[in-house]
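The following pair of complexes shares a single chain, chain A, combined with chain B in the former and chain C in the latter.
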Partner chain A sequence: MIWQLDLSILTLIVICAFATIMVKDLLSAAIIFGAYSFLMCLLWTEMGAVDVAFTEASVGAGVSTVLFFAAVHQTTRRVRTRKSGRMLAKVFALMAALLTGLVLIIAETDFPGFASPFTPASLHLSPYYITQSLHDTNVPNIVTSVLADYRGFDTMFETAVIFTAGLAVIAILRRYKRDDRCDLPEPYVISEGYPDTIIRFIARQLAPFIQLFALYVVAHGHHSPGGGFQGGVILGASFILLAISYDSRMIIGIMSERLNILLGNIGVLIYAGIGFLCLLLGANFLDYSVLSKVLPATDKIMARSHGMLGIEIGVAIAVMAIVISIYLNIISHGKYDKG
Partner chain B sequence: MSFVKQAPVLLVIIPLLSALLVNILGLVNRRYCLPVAILGILGSFAASVVTLIRVIENGAISYRLGGWPPPFGIEYVIDHLNGLVLVTVSFVSLLAVIFSKESVKQEVPEKIPQFYTLFILLVTGLLGMTVTGDAFNLYVLLEISALTGYALIAMGDNRALVASFNYVILGTIGASFYLLGVGHLYIMTGSLNMADLLTILPGLYSLNAVFIALLLILVGIWIKMAFFPLHGWLPNAYTYAPSAAGCLVAPLVTKVSVYIMIRIMLSVFSPLYVYSIIGLSETIVWMSVIAIISGSILALAQTDFKKMLTYLIVAEVGYMVGGAWLASAAGLTGAILHIVNDALMTLCLFLFAGIVIYKKGGHQLQDLAGLYKKMPVTMAAFTVGALSMIGVPPTAGFFSKWYLILGAIDAGKYHFMAALLVSSLINAILFFKVIEIAYFEPKVDHHGGETEKVIIDEAPLTMLVPLIIVALSLIVIGLYSGDIITNIIQHSVPAGLL
Partner chain C sequence: MQSIISSYNYWIYILLMMIGLYAMLAKNNLVKKVIGMSIFQTAIIVFYVSTGAKEHATIPIIAHGHGAVEAAVDVAHYANPLPHVLMLTAIVVSVGTLGVALAICLGIHRRYNSLEEDEIQEQL
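For the complex of A and B:
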């Protein structure tokens, strides 16, 4: 805990937040927002929440910035400012924001001290997780065991949220008729001589290493920070890198739309299916310990560990497919051809 | 595995699995989507009914997910209150999914698999929010129901996209407020389990942070349920949504939010805290009086039939919020009964609107002209729904309104009673105007000749049957509302209330 560091990061975060709102160029806004995410990621690391920081880095700073870029690329870079009126609404919004801020500050005065070891949050449930997790589940990374086992049901629906997001993008953007009229402005073109040999070569060489790292993140989530979400996003990002440096068609060649939808489904299905298997074997939903009946040479505790690995793989597959699908839909105006 | 024992989780898992199945089968052949969707929701309905019967016989059920004991793992808790809401939600969605068959073919022909997957996921989200006993698990399911709701609404025409975008912004703010409130509770107690919070919080009732946590949660849920003046997103979003989506979203999302408010009030905080210690009752009842009156007046000003219905929803939300905050047993009973009744009434009216859109292609009031002669059955069912909205016995709407008025008298809040009566009056004016247009105004005949023989032209059976069922259920529930109250609702009203 170094409070000077916290303070300076927090100040920078607030500055970034303001800059994101104020700046008129949407591309710059997206970049500053990425910086905001990285600063958040630093803050999490500094507070010891490394898993959260990892997710923030891969999702917040990484993929969502790319998705913003894709959206800006397909629409327009400039904010259209509305000159007339609206003053009353703005004043009202400011009042609402200030009031909320004031209420939050009042609440703050009752909070236990920052980073104190005697807060209710660290005294009530955490001691149980810290002392019992390894004994209960044989997984050294407590974050993983809480996320994938104690509160695994939440995580299953978080995966379903990602799946829903992907589906929502398809439902809104996808156009099946090829000659559908397009009411969006012409895509904003970065530069003409874009297909660049150096970029392509480096992207192609880099992609396998990124994918290997992603697999490591998934598989090693039991012992170190990481897991399905982060690994899946990194896997998806490696494909997006290729799609950006070459052409979306190349990626569609490898990961067709049907395959993508299918993988997204299968990912969630693996998670829910493992939970359902536990039900069929006579235990409660997602009670992995009962899997020892079907897994060879595992006791109940090890079965929990294996169950978690299974669902992490499901999460990774789902997240990867959905990230790619969202990107392709945005970049091709939902026509799924070029971009 | 025994179905009865596992029913609390199955009622969420069956629709989740069938949503995935629908999406996969959609790649093979679109015709499989609807049957699987119906089967999934039917399974969930069966599980809800089984669970409710078990609750009535043996009292509240707790289900441990992952087999972990409550404060450490996630717990499902089903008591009389949410048992009733679960059956209502799954029943309404069952009718809505059957109704959707023709309407989806007409309105979103290209994206049938996506539509049904999102549709069932929305049902999953609503059921999951209702069944859970964990404040954070509720948030996760809230996200699912919100995301699917945005997407379903955006699948309408171009105006729907803008309306849905407004809903995304406001809905996200609402969800963030809820999460912020839960975060405050976690900082103060270190727990997310509702029952656990209920036992820890009394020691902290004097602290501002706990009060602010409640306030944040309330504001978040109020945005979600479109409690006036936080209703701005609702009318356009529900008006321009595809009608099959509207039939699911409009009756259920606001009602489930009302249920969550009551759940947070009674099972996270206590009646003692919300009614006596913080002294917010008076203010909130006044707010709901304003909500009821302005919702009704705004409804009166509409020329668009569907939009008129959406403003009525805003008024009805005022009924339930006010009833829950009256701090009287009758008021709370009325509010809970009204969750069920209003879900069915809204479904009835939106199914009707869906049929009109299917047949006439529009939802303006003049599109209804002459419908009594052309579609007598449809109009009969609509009339039942309208009478229930007005509150005419023996339809269901009368009984919940009766309890709300009793509650207002018990609590001495006569302004709330006056608001209920004024709103009933306005509803009467509104619906008689609609009935007049549909019954007495025949189509203008330019040739001036004899009025031609009107051919009866009813909607297809898949649309008509759900409408008839819901209209009948409004009467049945009205007739049996005494039984529902003594067997179910009475047990969920805390004993300390007068």
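For the complex of A and C:
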């Protein structure tokens, strides 16, 4: 923890936050927000939270920026410069924000010092995880073992939340008939959209390597930062890259809507299925150690490690399908054709 | 001086949260409101992650961990993994909420042909 580095990153983050709020062009705001996310993951790496930083780099800086682009592409780029009026609302908003900040700063005086090893959060539960993770599960990455084993029930419902978000986007945007009651405005044209050979060639060559890297991230999450969530998002991003450089139709040819929803279901079901398998073998829900009865040549400790790998694969499949589905719905305005 | 160094991080997180809150309340454009919501979320996430930071601690992956089980692991050498786990899933959920929020924005734009709050209110 080098406080000078910390302070400079935090200053840049605050500048980015101001800029992304103040700028009049929504496309610029999305790009500055991507820079904000990257600075954020720098900060987290600096705090030692490598798994969180990895997730932010793939989710916050990657997929969120693309989703903002897609939404701006479908609506309008300019923020209308406002006539006067609404001054009162602005003053009230500023006062509410300042008041909240003041209350929080007063509350802050009771906090333990930053990066102190003796905070209450670091004294009660986490020492058990740090000392026993390797002994219990044979997984060196403590974040993975807590995520998938000790708090596996929690993570299962997080996966279900992602799945629900995908369903909600489909429910809001998806239209099956060609002409639904209101006519659409023409999407905002960012570029002329001519086929660029270089971009298409590079995207096509890059996609298999990105997918291979994603599989590595899923499979190697036990020993290095990574896991199902990050790997799934990277897998989805490889498809989104192709959809941007070519055409959404090509991706819909490979990953149709039906297949996407099916994969999302399968991912969540793999997770829950492993849980129920443990139940059937006579242990608690998601207690992987009992899987040693069905997996050949494993003791109870290795079975927990393998069980975690199984659910990480389920998470990766679900997250991949849902990320692709959300992107395709937003970019095509729920019509699943152009983009 | 010591007290400033030990708590300036928290002040900046509070500042970020105030920026996000202000954007959500005062901005007229709906996409700007969504960006404000995302800044608010990251401010809270960074606060949680910061509770897991420890001085002189490394990342929570046990060194030379594979194979033989080491005799003892010193707790003070590794950052607290629990906030990391909770916030990792929160980030992934935040992309889900972002997708739903943008979908709602698109739906509003489809019906009212505007993303500005006051223009939509005039049409209501």
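Points worth noting:
Everything that follows uses one rule, which is that the second predicted complex is superposed on the first by the 331 of 339 C-alpha atoms of A that agree within 3 Å, B and C clash if a C-alpha of one lies under 4 Å from a C-alpha of the other, contacts with A are read in each partner's own complex, and residues count from 1 in each chain.
Keep this in mind: a residue touches a chain if its C-beta (ideal position, glycine included) is under 8 Å from a C-beta of that chain, and two chains touch if they have at least 3 such contacts.
Worth saying up front: this structure is predicted, and the values here are computed from it rather than measured.
In the superposition on chain A, contact of A:Asp110 is made with chain B only, not with chain C. Contacts of A:Gly152 after superposition: chain B is touched, whereas chain C is not reached.
Contacts of A:Gly275 after superposition on the shared chain: chain B is touched, whereas chain C is not. Judged by the touch definition given at the top, the superposed model places A:Asp247 against neither chain B nor chain C.
With both complexes placed on chain A, chain A has more residues touched by C than by the other of chain B and chain C. Of the two partner chains placed around the shared chain by superposition, chain B is the only one that A:Ala283 touches, whereas chain C remains out of contact. Legend: residue contacts after superposition of the two complexes on their common chain; A:Ala165 is shown touching both chain B and chain C. Of the two partner chains placed by the overlay, chain B and chain C both lie in contact with A:Leu125. Shared contact residues of chain A, touching chain B in one structure and chain C in the other: 104, 108-109, 111, 119, 121-122, 125-126, 129, 151, 154, 158, 161, 164-165, 168, 172. Residues of chain C touching chain A in their complex: 5-12, 14-23, 25-29, 31-32, 35-36, 38-39, 42, 45-46, 49-63, 65-66, 69-70, 72-73, 75-76, 78-85, 87-89, 91-100, 102-107, 109-111, 113, 115-116, 118-119. Interface residues of chain A, counted against chain B in their complex, comprise 103-104, 106-112, 119-126, 128-129, 149-154, 157-158, 160-161, 164-165, 167-168, 170-172, 174, 176-177, 258, 261-262, 265, 268-269, 272, 275-276, 279-289. Residues of chain B that touch chain A in their complex: 1, 6, 9-10, 13, 16-17, 20, 23-24, 27, 63-68, 71-74, 110-111, 114-115, 117-118, 121, 124, 128, 136-137, 140-141, 143-144, 147-148, 150-152, 154-155, 161, 180, 184, 186-191, 200, 207-210, 212-213, 215-216. Of all residues in chain A, those touching chain C in their complex are 1, 3, 6-7, 10, 13-14, 17-18, 20-21, 26, 29-30, 33, 36-37, 40, 43-44, 47-52, 55-56, 59-60, 63-64, 67-68, 70-72, 74-76, 79-80, 82, 86, 89-90, 92-94, 96-98, 100-101, 104-105, 108-109, 111, 113-117, 119, 121-122, 125-127, 129-131, 133-135, 138-143, 146-147, 151, 154-155, 158, 161-162, 164-166, 168-169, 172-173, 182, 184-185, 223-225, 229, 233, 319, 322-323, 326, 329-330, 333-334.
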